[in-house]
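Both complexes below contain chain A, partnered by chain B and then by chain C.
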Partner chain A sequence: MTETTTQTPGFTPDRASQILQQARAMMEDLHLGPVQRWKAANPGGMAIGYMPIYVPRPLFEAIGCLPVTIFGGGDQIDIIRGDSYFQSYICHIPRSTIELGLNGHLNCLDGMVFPSLCDVIRNLGGMWKMLFPDRWSSYLDLPQNFALHLGGKFYAQELKRIARELHERGAKAYDPEALRQAVRNENRRRLAINVLDELRRNEPWRLPTSDVYVLLRAGGLMPALEHAQMLEEFADAVRARPARPFDNVRVVLVGAFCEQPPLDLIRTLEKSGCDIVDDDLQLGLRYIESAIDADADDPLEALANSFIQYGAATASRYIGTAEKGAALLEKVKLTKADGVVFAAASFCDPALLDQPMLEAALERAGVPFTAFKFSENTGQFQVIREQAGAFSDSVKLWGTVQ
Partner chain B sequence: MSTALPVRNRPAVSLRPATAKDSSQERQKQMIADHYEKLAHAKENGQKVVYTFVPGNLTELLQSLDLLPVLPEINALQSGMRQKSAGYIAEAEKAGHSEDVCTYVKCDIGMLKSGNFGPTGTKLPEPDLLLLSYTGCFTFLKWFELLREEYKCPVVMLHVPYQPDGVISPEMREYVVNQLRDEVIPALEKLSGKKLDMDKLKHHLDLSKQAEDDLVKVWESAKHKPSPIDGYFGGVYYIGPIFTAFRGSQEAVEYYRELRSECEARILRNEGPQTPDGVMGEQRYRLVVEGPPNWTSFPDFWRMFAKEGAVVVASTYTRVGGLYDTGFRHDSSQPLETMADYCLGCYTNLGLPTRVDLLERYIREYEADGFLINSVKSCNSFSAGQLLMLRQLEQRTGVPGGFIESDLVDPRYFSKANIENRLQSYFQMIDARRLRVSA
Partner chain C sequence: MATSKQQHLTAGIDAGSSSVKVAICRSEAGDKPEVLATAVQRIRRRNIVEVVEATFAAACAQAGVDPKDFDYVASTGDGEMVAMRTGHFYSMTAHARGALVLDPEARAVLDVGALHARAIKIDERGKVLGHRMTSQCASGSGQFLENISRYLGVPLEDVGTLSCQAQKPEQVSSICAVLAETDVINMVSRGISTQDILKGIHLSIAGRLARLLRAIGAEHVVLLTGGLAHDAGLVMALRETLEGGKAAELLARSHEDGILAGAIGAALLGAVRCDQLVRMGRTDVLAPRIAA
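And then the complex of A and B:
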């Protein structure tokens, strides 16, 4: 595994490690230094934060805004004021997000978007309006009806509203050509992510998920084109890096699409003998599972339709007529995974309500799985290490969980 | 926010023993029994059954197509009141459902796995269709995905956009109307084998309006002192017909007419509401309550208020299935648009700032002495943000707020002593404020 933080004196890290160090520094900068630098370099540009899972990033870039993914404070801040706003049975990410807001960590943001994901993030949007009445914020109602003339039309109207409201506050006016270019950049980023995903599927010992994770977290703080270039350079560099295969089991990690586990938890799974060959961590940048039509006559409609037609199967998205668990089984098949690890944030309604249905689908297909819960500030990994280790050993020995 | 104060010893208010039940209560009991009887024989009578939810229900539409609704939340709360929910929840958790999630869902799944016997003890018919009205609560979506796995029946979804700013935009209304026209109505027509008769639908919508007019008069009667109703504990009975299978029916019109006249008669007699132990006498505290009640210990919970002379003059839980006292009425001249506006306007479909505005209005208009939040573990749609609502309302109104925690139907989260202690401290705080004001 590649360590991204430790350096021996006199040691010159390879290019891949340098990029990882840069990405990790960005990810851990709770004052959003990269965003501040972007704003300094782009006078008049607005930075718009958004909660998981997904917002149509190209639209924001097209009107001169930097979309900034906010994943709360992770395990890096003590929650003092944030806890006083939530009962014990509410998940952790809204607490640390409120903490960041009240502490001024998010002051460089010109607005916040709360996409429809669950009741907690939705209500957090209302709280934000009351706590920060002078700052722009908006709820983004992602459609749950997937007919283009119904949900697609409504969603396109939502996007127009967002663009209009931001323009009224200083963003550029919506320009179809600017959106086409932003979509091209996003498509290039998506392709670069696909390349990394393929690499870790084929050679997980060369490119562990913990590294992919760090690289993608950085992408939530930078424009798509810049991020795509970073990923492309990294992919070239990591291929040249020496790597040694491990005798691990291959697992798909499911459930942490919103509140994120600490990076050390992902590494704990890897150290326990699990090669994570697919995941839904910080799903947003992978949410649209296909290229978006960059040459459409109406690029805004194309952007809206990409959500309708190519949105990932995830717990917060209504299943419609599809078979529950089919998308997960397809992932297992594609990645030649030996099993599935469910890792949901404590009190995460979408993930935890979804899980029994996914488990049933895996049971029917004879795919082994294990499950645990976490909080973004979980500090003890021993139990998870033992559980994941036992799962890995069991799958290796018997091909299933005994 | 309330601070802990020593528990006092103060005599409970006197309650006059109840005489006969109100005749509206008897009427409602019979209506519900008749409905479950119809459900028990639905399959043999060839009637199609649609499972759907209380907020955003489309009862008039179902009635127009002679479809019978089953409301899983009602079954869950009834299971709670009949002390069945603990077993059902255990059954669901044994089957792999997390302890962290909504107990209504787990209670319903457990009931299904235990034979699906409804509140009256008769077996509920399986759904022919799940009508998923996604209004105000994300969990509904997962709930019907889970039921679809169990029943293997079709689902039709109505996605109702959220009102973050308390405004229904033309785009929101159009989206809902188009879904009704293009997907929901065709699916229901297919199920019933009938074409929707718009005149019949309009007739039911007219009946809804009549019942809604009378319900609002019932709510507003609590402005009188003493209040003739309890707008929370009594209120959950008052909403029974209009939130469930009966809105849009002649029975509901008659029920609400009768209920209203009973309230008006109590005002003339200067009489308070019925409580579990009789008619409330002195009303020491007029409260506004936010959040659903606990169902597993419902009578005990009510007694904690009644014996202290606390009457609830307005509540938000009684608006989850329809918010009428801000002016909305079903309007038969625009059948689809009015159904859309109804769905969009349910309480939990409103953004938190709008909810706070509504609570503030209730506190002022009903001249409340305090407002209380019952925060339930199961329902993030209500609970997330309530602590900020509490602060905002105290700042805006100067009226003291209180906060208690319980759950809908999981008895493990109802701590009687703890809640009673907090309530007594809270009432003492209101007393202390009064003393300060009068000094």
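And then the complex of A and C:
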């Protein structure tokens, strides 16, 4: 991202840099300062944390709750107690989330949602219930049957259950009109994200993915409307920022949809000559790939159906074996990418089990790719830099991987 | 519009951790290269962006070219510090290409820089076939040697000559720079000559480099590049190590411009890329003169 910490006298950071600085400060605040401020400004409002990737955020906002994305501790905390709750051969995010919970970093949360991502997150949900019995927490069983009359109906019931349980804990009662407004706000944010995605796709030198990443991380801590306004202002500012193109390779980054890589890992890829023109980082904010019907007679049903009909193809969602890789290939085509970089969290079962099938699809289509693993607290990037640099040069000069 | 195989004027800027190297080349899409000018400046705690600009300006002045005349300015090393870059190449790729210019018979490259050493196996086109590099430990790198020269009170440029005068080199830890530094302190207190200490260090580094070469299955001619390519003591130690070890078929060579291999390689890869971009119609990244 654009750094403005070492400012010379008289230096005025541009508006885009200022917004990025604000977003980065929010992202790095493990005590969830923005959430605490929101609660202070909204008496009676509840903050509900959720594990990535997807939860029905508009529903929470409609009943006066702030949905807060919990991305673990990243590379900012040492795991001491969290390690004692999990076996060694699982990913890192549940350990750091437990650590944050036990250290009191998440005390401002009134509840937690554990969507059905994988067994590890399911287990985390169980532990959370035992560790924090006085706080509301819920496992959100996302449907894997995508028929509206089955999965859609089931999911609408799940949404009603959540709204009911939270109302019993002090949230507002479900109001269809409030949900319609929350859906409009979410649609506006989705549109603002689309604008940024298009900008980095068309002019990656103007808007690197590391900047988009920071902006979206901040979005997990604020209401949709406020975030949308931030993104809109940033898009206007960044268009005015002087920039010129570089001869880089265009890559799609895949695999980091839950546990997030350190910002420096993304920057390492960019420094290695890769323009990341699409990714599944922080997929939750992009999971619904179309606008949700904000004027439906039954907005709850519309919200449930949006998951069924417009959910992104990702490893935690059932996709027929024959279709594995189709969405990725479509992305490569749409973004005119030169190759794909697989970056999955170590021991991430969904990502790593899907990867061979995605790689096979890329091989059949002749799309070059490379793969490595990371952990949210990875601190050494030389090996990744070596690999990404070699990949970038190979694709650039030889059109293939060595 | 430029056509393929036309003459390209390109620059390569290698922003390393201790020095900045610039090469200005003319070539036909990387073929028939002619090095017009080179420049090297040590960073010495200065702002690296300013050192890059100064070194680039010096090379341009030497070649008598205007920065606007370049078809492609390629960075390698820390590319972010090279504001005028058109594109970036990874240092391994750049050193591989540059080594072939300096020694067309080279089929392996040992890039020994300030922080890392890397062995690269290449084919006759300079394409990388395999590589290995030292781990995080600095004992196979130039920074380690620089630290030792400071402890011993020997100017860095004299290290190689002194090492070549050694009679009875002392063995130094080849595993850890910290242990090696302790070894050196012990040797000084035991009255071991500076020449023998330096030779021991060179042999230690050479041992690590030889293992890297074996790991990549290097064959035939190995060219030393990077900041330590000039170090006569290291070259001699490497030759002795290779002759005495399992890699006896390897021939270690150095070149007076070995430190410039990355910059030369980047400049030539820039020319290759320039040609490719013109053919692909992707001229938006190139100088306006080419794009037009």
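Here is the rule we use: the second predicted complex is superposed on the first by the 391 of 402 C-alpha atoms of A that agree within 3 Å, B and C clash if a C-alpha of one lies under 4 Å from a C-alpha of the other, contacts with A are read in each partner's own complex, and residues count from 1 in each chain.
Here is the rule we go by: contacts are C-beta pairs under 8 Å (C-beta built on N, C-alpha and C of every residue); 3 or more make two chains touch, one makes a residue touch a chain.
No experiment lies behind these values; they were computed from the predicted model shown.
Asks: Following the superposition defined at the top, how do chain B and chain C come out on chain A, clash or fit?
Replies: After superposition on chain A, chain B vs chain C: fit, no clash.
Asks: Return first, second, both or neither, reflecting whether A:V120 touches chain B, chain C, both chains, or no partner chain.
Replies: first
Asks: Tell me which partner A:Q282 touches in the superposition: chain B (first), chain C (second), both or neither.
Replies: A:Q282: touches no partner chain.
Asks: So, A:I319: does it touch chain B (first), chain C (second), both, or neither?
Replies: It touches chain B, and chain C stays clear.
Asks: Specify the angle subtended at the CA centre of chain A by the CA centres of chain B and chain C, expressed in degrees to the nearest 10.
Replies: Here the answer is 100 degrees.
Asks: Kindly classify A:Q382 by the partners it touches after superposition: chain B alone (first), chain C alone (second), both, or neither?
Replies: In the superposed model, A:Q382 contacts chain C only, not chain B.
Asks: By residue count, is chain A touched more by chain B or by chain C?
Replies: B
Asks: Which of the two partners, first being chain B and second being chain C, lies in contact with A:P245: first, second, both, or neither?
Replies: The second partner, chain C, only.
Asks: Examine A:Y89 and indicate which partner it touches, taking first as chain B and second as chain C; both and neither are also allowed.
Replies: In the superposition, A:Y89 contacts chain B only.
Asks: Look at A:S272 in the shared chain and tell me whether it touches chain B only, chain C only, both, or neither; answer first, second, both or neither.
Replies: After superposing on A, A:S272 lies in contact with chain C but is clear of chain B.
Asks: Can you report the least C-alpha distance between chain B and chain C in the superposed arrangement, rounded to whole Å?
Replies: When the complexes share the chain A frame, the smallest chain B-chain C C-alpha distance is 20 Å.
Asks: In their complex, what parts of chain A are in touch with chain C?
Replies: Against chain C, the touching part of chain A is residues 245-248, 271-273, 380, 382, 386, 389-390, 392-393, 396-398, 402.
Asks: Of all residues in chain A, which touch chain B in the complex?
Replies: 84-87, 89-90, 94, 116-120, 122-127, 129-131, 138-139, 141, 143-145, 147, 149-151, 153-154, 157-158, 161, 315-316, 318-320, 324, 344, 346-350, 352-357, 359-360, 373
Asks: What residues on chain B touch chain A, complex-wise?
Replies: Its residues touching chain A are 95-98, 100-102, 105, 132, 134, 137-139, 141-143, 145-146, 148-149, 157, 159, 161-162, 164, 171-172, 174-175, 178-179, 182-183, 351-353, 355-356, 375, 377, 380-381, 383-388, 392, 405.
Asks: Which chain C residues qualify as touching chain A in the complex?
Replies: Those residues of chain C that touch chain A are 72, 78-80, 85-93, 116, 127-129, 131, 133, 136, 269, 272-273, 276-277, 284-286.
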